[in-house]
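Structures follow.
Look at the two complexes coming up: chain A is in both, with chain B in one and chain C in the other.
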Partner chain A sequence: MSDLQSQDYIRRSASTMTPPSARNHEEEVAKLIDVSRCIGCKACQSACMEWNDLRPEIGHFEGSYQNPADLGPSVWTLMKFAEYENEQGNLEWLIRKDGCMHCEDPGCLKACPARGAIVQYANGIVDFISDKCIGCGYCVKGCPFDIPRISKTDHKSYKCTLCSDRVSVGLEPACVKACPTGAIMFGSKTDMKHWAGERIDELKSRGFDKAGLYDPQEVGGTHVMYVLHHADKPSLYSGLPDKPRISPVVSAWKGVIKPLALIGIGLAALAGFFHSVTVGPNEVTEEDEVEGERALREKENTP
Partner chain B sequence: MSRPKTVIIRYTALNRVNHWITAICFVLLTLSGLAMFHPMLFFFSELFGGGQWMRAAHPWIGILLLLSYIGLIIQFWRENLPNKDDAAWMDSMKYVVTNDEEHVPPVGRNNAGQKLVFWSMTLLIPVLFFSGILMWEVYFGAATSIPVQRVAVLIHSLAAIAAIIVWVVHVYAAIWIRNSVRAMTQGYVTPGWAWRHHRKWLWELASGQHGKNVIRKRP
Partner chain C sequence: MALTRREFIKFTGLGLAASSLGVLGFGASGEAQAAAVRPFKLTHATETRNTCTYCSVACGILIYSMGDRAKNARSNIIHIEGDPDHPVNRGTLCPKGSALLDIVHAPTRLKAPRYRPPGGTEFKEVSWDFALDRIARLMKDDRDKHFMTQNAAGTTVNRWTSTGMLAASASSNETAYLTWKVARSLGMVVFDNQARV
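Right after this comes the complex of A and B.
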């Protein structure tokens, strides 16, 4: 997305300074996707393409309703279709709208090396500021949900913006507007949790006793949440991670190793400098030259 | 000090060209790599025409470095094979760092420290190359799974830091032991330099083991 708001950042990639955050009196927002009400019509996919002017290349039928097969630089949201046979032997068609989860603690932002290429606004939306993106793919490694995709054309990383441009002027995201069943709701995170609670109670009363809210605390909660009928097994829904977290490998790489490495390199250089100003250079003396010449001559003369 | 009339060729023109190609690649890779490693050093990206150019150039420079370093391995592996002098030299480290060479046992063409630099880089550069390939988003982004790439990034960072520290030691040693840089720029050292730092090598030269034409009149 373009850099619409630059005074309400709460996080900014590759920055050691406090980001500009004077205009941060914003309510945290959330999108609530009620999987139990989704009919798989893909209106959200179309609305996303329409609002964001995205046109993925036409692909091939792969024997599934899921089309295109995967998220991409021009596919920011995707209905994922999973067939699940439950304990009673009945088929359940689990359809989940996949896309960026807008983590409270975003792994992509933590991994990003380019200053300000990934930001998080005070309302919780995680946004890619594309002109600053260098295309390294570190966000792909940082993301616990396998969301960002790098374009082969412009070498920039893309994902759902949660329609930050629409939200900043008080509109709901395009997918929310388009959803015909009300399966996608948008509002303050508090309201969305409250609404989810009502839905979950209703699902439980209908026999889905494992129904629940997907708002994984391992990443500090997310600004896109799901109501799942099988909240005990999120992975049933086309591999939604059961316990998403920023990989400890990424945390080590972008955490403790960063300062230690600079300190290590700095100490090595300083050790050299102070060795130089205390012990000083190791210079060849005139005596060495005499000895050296003599050693060469002596052996040469005695073949 | 009287200028010695004879000099000894320590590095041939091929050695030197190969070394400096490696050195240029290494410096460029260090700058671009550190820029992508630590936010405070991201400004190095400007030296490469911006972040996108830097990200695109880094792996290609890496390939060049590997090829160039293979050239150095071919030319220098033999003289860096460990021998019994190495342990004795390491034991006398406290005399080495205080410039007290009278108490350091004589060594051949390379001392144990130089061999350590050579073998460290011989280990680290291929590690950097293979881990780097796995992170090369443009061509290999889809070749391995994301968990594999995460480990590759970690290994790449750790190996790079180790290589940079080895490089700092290498550069400082070259400055500290005066006239070593000239061996790698103009190619020659004086008999006094060889006597002081590589006495066994000087004896080998004197007995003609390395041929006559390495000992020349000063250019």
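Right after this comes the complex of A and C.
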């Protein structure tokens, strides 16, 4: 018995058969990031690194509050700062906490060729099982949000786990707990959508008539959702994809080429078997040896 | 081991067939699932309530240390997070508070009083006795010299303005009360809090 009793897998990378999930009544969890309440303090970043024992190398000032400059194998969540001048000519500082979206239909899991290196639990969390990771980087290409990063130290892929170790014992993720303004909330997906609805109504009443929830259906919805004041233009928020989609290369490779190749391997094995039964091995007989020696002698004799 | 060409081809063929079977899904599909989720690291850690050292907001924190305080175990702080029962922050923390663990273990952290004599160029570590005696001596001398009982108008003021005190931010109500009593009973009026620095 593993310690995953409460966290049955519902998807597993590179597996033709995922063990059936015996427990099917587990509530899906979600993290809701209300961009309109975020003050960009980076408490979530600190708490993430502290809880997950990550200490990236101290970098350099890049001319922006965004620090470190990018996500990394030790930076699983990052405040992204975007300056946007709206139609009225006013500056809006759009700060978005970037990190794994925990897609319902995860592109990383689909692209991963290592069996069981990426799993999805029944509560919706997409987790990387590092000891099975082969460091090929396919998940980086498969991710519609450009999240996973390969470590230069152990050549394995890393990203936010939604604090699966905390969630599995009934706690909220570290970033959620730390957030001083309540911009990050955690709960069941139903509750989070409901809460987001209230916030969106409030934002609309304050003049943000394009406010809305970012829960992109192109990837089957996500377990990390955003409340955006400009939900019609997610790309304003440091390039949040307007329509996230898994790269067509992944679906072509996994959906078409892989089954074809497997059929090819099967056919080759089958052909070999029938060839062996009907024709049999190419035996060298006595006559062949005599004939061969005669041919050699003839060759030596000819000038 | 001597391999004929034929045997070599046989063995490689077998190997290929075996690995192909795995790809085709005949492998150990029901293999035991390795423990995936990282074990929760605080299960038996000792939880201690405290106040954040940083500012006058004085957020409640939970300090987790390893070991159960058994005689032979040495406690060491392994994690700090917000105290959900604390009315000030209700479990949340700012980025500095969230990173308190690294303050605790910082190699540059001051753990003993240090003293640089007048005209000296370097600090050297001194004992608490030395530091407290010296502070008391200098305070007494200065107070004796500059304590003012009455102002120019003859009103009784009982004040001491030539020495100031900077109090700590991470204080409980009781500590703050005592700090106030000590400073004010000496007549000290230059009195502020570290949190405003």
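Here is the rule we go by: the second predicted complex is superposed on the first by the 253 of 303 C-alpha atoms of A that agree within 3 Å, B and C clash if a C-alpha of one lies under 4 Å from a C-alpha of the other, contacts with A are read in each partner's own complex, and residues count from 1 in each chain.
We take it that contacts are C-beta pairs under 8 Å (C-beta built on N, C-alpha and C of every residue); 3 or more make two chains touch, one makes a residue touch a chain.
What you see is a predicted model, and the numbers here were worked out from it, not measured in a lab.
K.L.:
Contacts for A:Ile150 in the overlay, against chain B (first) and chain C (second): which applies, first, second, both or neither?
P.N.:
Touch status of A:Ile150: first partner only.
K.L.:
Taking the superposition as given, does A:Ser168 touch the first partner, chain B, the second, chain C, both, or neither?
P.N.:
Touch status of A:Ser168: second partner only.
K.L.:
Between chain B (first) and chain C (second), which does A:Ile257 come into contact with in this model arrangement: first, second, both, or neither?
P.N.:
first
K.L.:
A:Cys136 contacts which: chain B (first), chain C (second), both, neither?
P.N.:
first
K.L.:
Looking at chain A, does chain B or chain C touch a larger number of its residues?
P.N.:
Partner touching more chain A residues in the overlay: B.
K.L.:
Looking at A:Ala269, would you say it contacts chain B, chain C, both, or neither? Reply first, second, both or neither.
P.N.:
It touches chain B and chain C both.
K.L.:
Of the two partner chains, chain B (first) and chain C (second), which one does A:Glu289 touch, if any: first, second, both, or neither?
P.N.:
Touch status of A:Glu289: first partner only.
K.L.:
Should A:Ala43 be classified as contacting the first partner (chain B), the second (chain C), both, or neither?
P.N.:
A:Ala43 sits against chain C, while chain B stays out of touch.
K.L.:
Considering only the touch criterion stated at the top, classify A:Gly116 as touching first (chain B), second (chain C), both, or neither.
P.N.:
Second partner only, chain C.
K.L.:
With both complexes superposed on chain A, which partner does A:His194 reach: first (chain B), second (chain C), both or neither?
P.N.:
Neither partner.
K.L.:
Across the two complexes, what residues of chain A are contacted by chain B and by chain C?
P.N.:
15-16, 115, 132, 262, 265, 269, 272.
K.L.:
Can you list the chain A residues touching chain B in their complex?
P.N.:
Touch list, chain A to chain B: 13-16, 113-115, 132-138, 140-141, 146, 150, 152, 155, 247, 249-250, 252-253, 257-258, 261-262, 264-265, 268-269, 272, 275-276, 279-286, 288-293, 295-296, 298-300, 303.
K.L.:
In the complex, go through chain A and note every residue touching chain C.
P.N.:
Of all residues in chain A, those touching chain C are 2-4, 7, 9, 15-17, 19, 41-43, 45-47, 49-51, 55, 115-116, 119, 127, 129, 131-132, 161, 164-166, 168-169, 174, 177-180, 182, 262, 265-266, 269, 272.
K.L.:
Which stretch or stretches of chain B touch chain A in the complex?
P.N.:
Residues in contact with chain A: 1-2, 4, 6, 35-40, 42, 45, 50-52, 54-56, 97-99, 101, 135, 137-138, 141, 146-147, 149-151, 153-154, 157-158, 161, 164-165, 168-169, 171-172, 175-179, 190-197, 199, 202-203, 205-208, 215.
K.L.:
Quick check on the complex: what are the chain C residues that touch chain A?
P.N.:
Its residues touching chain A are 13, 17, 20, 23-25, 27, 29-30, 32-41, 43, 79-82, 84, 89, 91-99, 101-102.
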